[in-house]
Amino acid sequence: ADTIKVGILHSLSGTMAISETSLKDVALMTIDEINAKGGVMGKKLEAVIVDPASNWPLFAEKARQLVSQDKVSVVFGCWTSVSRKSVLPVFKELNSLLFYPVQYEGEELEKNVFYTGAAPNQQAIPATEYLMSKEGGGAKRFVLLGTDYVYPRTTNKILRAFLHSKGVKDTDIDEVYTPFGHSDYQTIVANIKKFAAGGKTAVISTINGDSNVPFYKELGNAGLKATDVPVVAFSVGEEELRGVDTKPLVGHLAAWNYFQSVKNPVNTEFIKKWKDYAVAKKLPNAATVVTNDPMEATYVGIYMWKQAVEKAKSTDTDKVIATMGGQTFKAPSGFELTMDKTNHHLHKPVMIGEIKADGQFSVVYKTKTPIRAQPWSPFIPGNEGKQKL
Amino acid sequence: MTSYMMSGVLRPGQQYEGATGDQGVSYGRIKQEGVDTTHGAILYLEDIVVSFDGFKAINNLNLDISVGELRCIIGPNGAGKTTMMDVITGKTRPTSGTAFFGQTMDLTRMSEVDIAHAGIGRKFQRPTVFEQHSVFENLELAMKMDKRVKTTLFARLNSEQKDKIAAILQLIRLDGQEQRQAGLLSHGQKQWLEIGMLLIQEPQLILLDEPVAGMSDAETARTAELLNELRGKHSIMVVEHDMGFVTEIAQQGKVTVLHEGSVLADGTMAQVQADERVIEVYLGR
Amino acid sequence: MSATTTFAMAKGLFSKPAWTGILVCAVIAVLLPILNLSFPVGHALHISSYTIALVGKFMCYALAALALDLVWGYTGILSLGHGVFFALGAYAHGMYLMRAIGRDGVYQSNLPDFMVFLDWKTYPWYWAMTDSFWYCMALVILVPGVLAFIFGFFAFRSRIKGVYFSIITQAMTFAFMLLFFRNNTGFGGNNGFTDFKRILGFTITAPGTKAALYLITLLILLSALFLCRWIVTSKLGRVLQAVRDSESRLMFIGYNPLWFKLFVWTLSAILCGIAGALYVPQVGIINPSEMSPANSIEMVIWAAVGGRGTLLGPIIGAFTVNGLKSWFTAAFPDLWLYALGLLFILVTLFMQQGVLGLVSKFKKQREPA
Amino acid sequence: MLEVKQLHQHYGSSHTLRGISLSLKKGECMALLGRNGVGKTSLLKCLMGVLPVTEGTVSFEGRDINKLSPHDRARAGIAYVPQGREIFARLTVEENLLMGMASLPARKAGKIKDEVYQLFPVLKEMLHRRGGDLSGGQQQQLAIARALLAEPRLIILDEPTEGIQPSIIKDIGRVIRLLRERGDIGILLCEQYFDFARELADHFVVLSRGEVVAYGGQELMDGDDVKRHLAV
Amino acid sequence: MIFRKICASIVLLVFSLTAHAAIDGKLLQALAGDDPDARITAVNTIAALGNEEAVEVLTALKNEQLFARDVAVYLVDGEQAKDLGTGKMQKLPDDAEAITINNRLRAALDSALSGLRLFSPDKNVRLVAATALEKEATPEQLPLLNKAYLKENDSEIKSRLQMLIATANLQASDPVVRKAAVKALLDSPNPNLKPVLQKMLAQNPDGSYNEADASIRLEAANTLNAIDGRLARMEFVGNLFYGVSLGSVLLLAALGLAITFGLMGIINMAHGELLMIGAYTTYVCQMLFRKFMPDAVDAYLLLALPAAFLVSAAVGILLERTVIRWLYGRPLETLLCTWGISLILMQAVRSIFGAQNVEVANPSWMSGGITVLGSLVLSYNRIIIIFFALFVVLAVWLILNKTRLGLFVRAVTQNRRMADCVGVATGKIDMLTFGLGSGIAGLGGVALSQLGNVGPDLGQNYIVDSFMVVVLGGVGQLAGTVIAAFGLGEVNKFLEPVAGAVMAKIVILVFIIIFIQRRPQGLFALKGRSVE
């Protein structure tokens, strides 16, 4: 064939559509861009889009369909960990490639997957360190607040071990979980307030998706300001803030590897391309589109795959995997990102941003250089032997 | 798997909720022979009170019916006749008082199903049949037999039973219509079907609530005939407002008049018809 | 019972056209994996593994829909919580499959990865013996069965009916979902079980294993269909319909609806659990979202689309709805919800008896001509 | 005022009414007789518009009402006491009575006339009880009261005496006679209680298997012809 | 709003001050610099100036209105920028960079500004400032506080300042002062005092106490007890309020369903989407106001309420006339059909507004809250929603029970054919009833938009809860729905602190199941024959 098919596996309906739809659009934009520049090895890319509808078994079915029916060379997709876990066996069985663009809990390393989002040490731990620093407010007590599922549980487990290592006692850590879709945060905010009376407190939020809005609204109305109890979130980015009135949230934080507000030529161009694309394709709310970390990770992932294919001179899975390691790419974050030679994760810079009134972040901290991912957190017992990976 | 289920659900002779202790209405067995009628009466109602949010629909009602008796009950609208039947069949629990079937079975403490098993059958004031089932199936369902899950699952009609159904069909003049859906019958036909279901159930005590309402005079006469035939074979309690019909079936037997929840008068039809109070509240001048 | 009478009985189960339909479908269904295995990829007669996997999955759904129809279509008990039985059956089988991974997991431990991760040193008590396949198969039947029995016993004894029953089944599945979402419950949190390696020593991804699972599913689906059909055509079936239409009348002629309802309800839960158990190895994942209220509602919708109270209808419905969903989500990923939504509306408006009702309507129209 | 011509009705493939014609004048009472299941109720339902007719016309006060919906017929002045009472079970007795006046404009529908209570004293006692809780006979009384409140010009009664105690049957008879004597109202009475019907009716019609097999004035009602069609 | 007041009064303050001195350029540059510690020092030094300029610069910095270019620092106000070095007004140079602040600096600014504002002539400003200082009254602030206390003549502010001084004095070296402070704090509502007092009472490993004076310890224990007691009471009241609030949300979500499902018997799975439509209508109203009447944007809710009611009602009526009217008497079909409708509506919203959530901001009169019992904040939006819910219930109750329409609605839903026969235009009533239920759902949507997210999934999050509420209360029983909603809200909120949010939810569901066992027809079951 004179085209190379690539699969896009993001939920366009159901609960996760809120986050994943824009990843599909970014992927299409990137593919258009690559095609406009002549494609990959002279062949045009052809996107095959499916909608797994936020349904995990359907993810597996759709992945199988993409790989075995549509014969795509690579799949870009998934957001939640469980969707990734659901498709993993398929990619292993059919020996195909998946690029996963979202920050996650780690504890996984698959030959067939490249992780372009952050591992915990590229997000959670630096953020906590920042909160404990003088600049970050010198927090002594921590509320670990999350939605009850694997990513928050794992992250909090890692963080607890990390905090222990920093001398924080268990009495100064409060771990709280809410069900999916929880929308009444009155009690929790009241408890945070109570807990915060005991000393300088920070909240580390791994609240997922939709629940963030009610949480932040409650926070704002209860008068908990960022200067009193800062909240750092790992799942809240520019895209999520579009749905929130950010004025009461000024000063709360998020940790990512990229922010739209980062200033550098690559990013300026990236943002412009995206805005133009949104207008050209008449995406809903095209006037107010924003970029965020997973979008950048998708963008980087597609380009890195392209480079690897061109180096391998083939789309064959094993060959591409072989050439993927060591690929570099000048990313919108302003850093040159490298795909690790062994662990399939990107070396990424860590940035911490404070929410501004306009829904953007002002970067208050960033690492000097990209950091290597530790998918097997050293803070989890049993992972000692895996640190070289 | 199925057999596992079955043994899990139903142990033969299993006691169950609502069954009174030692006299033991064992589940699933039609204990018709078990009714202890040594004192000649099959049904005793003693000081029954039923009150709905303070309104006493039945007020200190005392009544008994002997074995084989055909008893007519009359009384003004709202006198509590239907409520009394509800009490007897377990549909309504009395606020106080006792209701005994035979000497031993306390109806107020038995469930509807147990009461039906014990041998009380009832025709409702408004005809109630299984509307989605055919006439034949209605009779099949009502037919006297073991009504437990397992036996029902494996039940097949034998020729004797089929004959019985055919006979009843003829009796209620729905032969030829046995495959029709019961819901499509006219009002009077449903009345007949319900009577048919009652007969095939072979209860010891039959309760009939306005059996001839909505029947033409000819049909009424036939029903009367039928009841006269059944006289003596079953104990029967009939509630009706059709005086002609009541006179026909009561013959020289006792007629009870209810009023405001208790017995106003009883005696032969002629006696009650002459009673001033009965004329006042019920018959009119 | 002699062979001939059995045969005669079997013949009486369905009408002649229905028999033809069932046989044709069954033969095609059996042919699929054979074609898949015996012709190489690219051959004109080759059936892709994807198709096999898809049909296998749909058969599990069909079994669940069939089970639901038994209680809903015939007894009038609308369950909005059958997903929980499906999922419990699936989890029961999943426990075995997790144990069968052995030390091939990420942490190379005897325990499943998620337990290692939670620092559990041993299996919790309810995982005892789950390394035995047969024990797990017993669980597949017992867990949904016992849960349904207990739940049903109390609900039916209290004479909970109609929407009240539907809503408490929904509450039940919702509660179970939240419970299973908790990591500490010991069933892998929201990720559930996945990444199975083998079943009874066979590699789970091997084409032969898949074909075998597929055929077993087909066999069970057909047997369940015959079983259900036999039940609903028996006198018990008529009692069930009487329960649906006038429960109180039934009591006055001496049937205790409690046991009848409990019987089908439990049987239905068990069938649904079996469907779940067949589903796990074929789909490769089970997690608590199967217990979400929406999933149970979808099952009801399969039955309704196919035509409730017909047994064959729900099977057809499960295939139709899921087939369309699979097709739509790939063919019009942005618009498919419109198409599916419209389908549901049209079915209710124009096909009161579902797809199957449409068939019989056509037949009726042709007959007089 | 009421003219029925060649009315046919089918339930699916079964032909229930076969070409029924009848006419009723103002101030008259017509009795509709027939055995069980001959189609009396079906005919009345057709007149009320609850059942669609397959063929034939129904006209009321010179107007073809075939196409009108039941509520339009009610507003045109037809009131209906259905077989089986059809009380609004969860409305109170009072509300049920108010519903009887639903066809009247709001300003006329506020107050329940006392005559109703005189006729059916129980209703006054039970004003705040739910309709469905009443005894069968009480419900029947309520249904009749409800129809009377609509100030109808044609009243259709389907077995109104069913389940009612004798004294009240007499009262009902009196009311019907009163209405008839007023002369401005047509009454169509479907009855099994032959003596009752005979006393009240000016005319009668006997149905058998969906057809009119006998009709005439009151004097003919005791004739053998009628007896034959009513016998089993 | 409060913020604006403060700004206004600062302008006043500026005029009232006499001294006028430019701020040292070095200080300004330090503000703009990279060294965080230097910036903090600069802030405090500027604050110490205590003059009009200081307030102006610090406020500007807090609002991120300061820009820097080389050594020059500009204060931007609208189009114009003032060069703080020269005091000249000019246009902001293109390459000037905003001076950003972080939380640490923001906190320093807050406390500095509060200190300054203690001397504002405006009483409210002083009150706010005093309250703001409560969190960290330190001995260093004592001179300032004392000065303010002496100058203050408002009794409320005075007592607050007294508390502040006492708080600061807890760490005084003089035991007499400490004791007085501890005693003075007996009535303090401030929970932040607890750790300080606890520390005083704590025993060191060597057996000595942090607070050497036993009598002070006694007083401290006393004060601590008093504070604990007050906190417990506050927590109870808090839970009560949270429960009522959650209940009102459930009620608003369920009320429309109580009509469409409870009365009409339609298993309306699209109910959630009608809520969603209400919420999106609110969003559109807000956008319209932002576009055409930016000054009156706070009033958008007033438009949103009728608009949401009408839009949802219109959608409902459309659905009823086209689809649902064919399904009366077939409740289970309505489930399938409305499920389809719900899919379509959700996807339609996704196509029009995008899959992401949209932003609906609380109008300023709904943000914030009142503080009761010291530190319990009851937020305005929740209070308003509680009253709104009660208002809507009352309205619905009146319509259904006190109007002819309501009578017809109930009659039609009970016996459609007979209602038709007595002269009720059933089609019209059906349409109006469904429209009313949908419209009420729209109103619910407006309320929900003030608390949670507005997105295509909004409805899905409430549909299960709504059905539970309606069924628990007893289908068709308005009073039941109300009690069920508030009951569930309270039970949930009193469970949550004990069991955690997840287990609380599970327990609630189990509770519902058991409750229905006891009352198979819901809370307000109808008894008697009329039910059959």
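Just so it is clear, A, B, C, D and E label the chains in written order, and each chain counts residues from 1 on its own.
Convention: a contact is a pair of C-beta atoms (placed from the backbone, for glycine too) under 8 Å apart; a residue touches a chain by one contact, two chains touch by 3 or more.
Remember, it's a predicted structure, so these values are computed and weren't measured experimentally.
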{"item": "Joint neighbours of chain D and chain C, given as chain labels", "value": "B, E"}
{"item": "Among all chain pairs, the one with the most C-beta contacts", "value": "A-E"}
{"item": "Maximum centroid distance from chain D, chain identifier (CA atoms)", "value": "A"}
{"item": "Centre-most chain, if every chain is reduced to its averaged C-alpha atoms", "value": "C"}
{"item": "Whole-Å separation of chain centres (CA-atom averages), chain B against chain C", "value": "43"}
{"item": "Length of the line joining the C-alpha centres of chain B and chain D, rounded to whole Å", "value": "31"}
{"item": "Between chain D and chain A, distance of the C-alpha-averaged centres to the nearest whole Å", "value": "74"}
{"item": "Sites on chain D at which at least two other chains make contact", "value": "133"}
{"item": "Set of chain B residues in contact with two or more other chains", "value": "52"}
{"item": "Contacts with two or more other chains, residues of chain A listed in rising order", "value": "12-13, 148, 179"}
{"item": "Chain E-facing residues of chain C, complex", "value": "78, 154-155, 158-161, 163-164, 167-168, 170-172, 174-175, 178-179, 181-182, 248, 293-294, 297, 300-301, 304-305, 308, 334-335, 337-338, 340-345, 347-349, 352"}
{"item": "Of chain E, residues touching chain C in the complex", "value": "267, 269, 323, 326-327, 330, 332-337, 339-344, 346-348, 351, 460, 464, 467-468, 471, 475, 502, 505-506, 509-510, 512-513, 516-518, 520-522, 532"}
{"item": "Interface residues, chain A side, partner chain E - complex", "value": "12-15, 17-18, 20-22, 134-137, 148, 176-179, 181-184, 186-188, 190-191, 193-194, 197-199, 210, 212-214, 217-218, 220-223, 226-228, 230, 239-240, 242-245, 247-248, 251, 253, 283-285, 354, 356, 362, 364"}
{"item": "Chain D residues touching chain E - in the complex, by the definition given at the top", "value": "48, 50, 69-71, 74-75, 79-80, 82, 86-91, 95, 98-100, 102-104, 106, 109, 130-133, 146, 150"}
{"item": "Touching residues on chain A, where the partner in the complex is chain C", "value": "12-13, 49-53, 55-58, 60-62, 64-65, 68-69, 81-82, 85-86, 88-90, 93, 107-109, 148-150, 153-154, 157, 179-180, 380-382"}
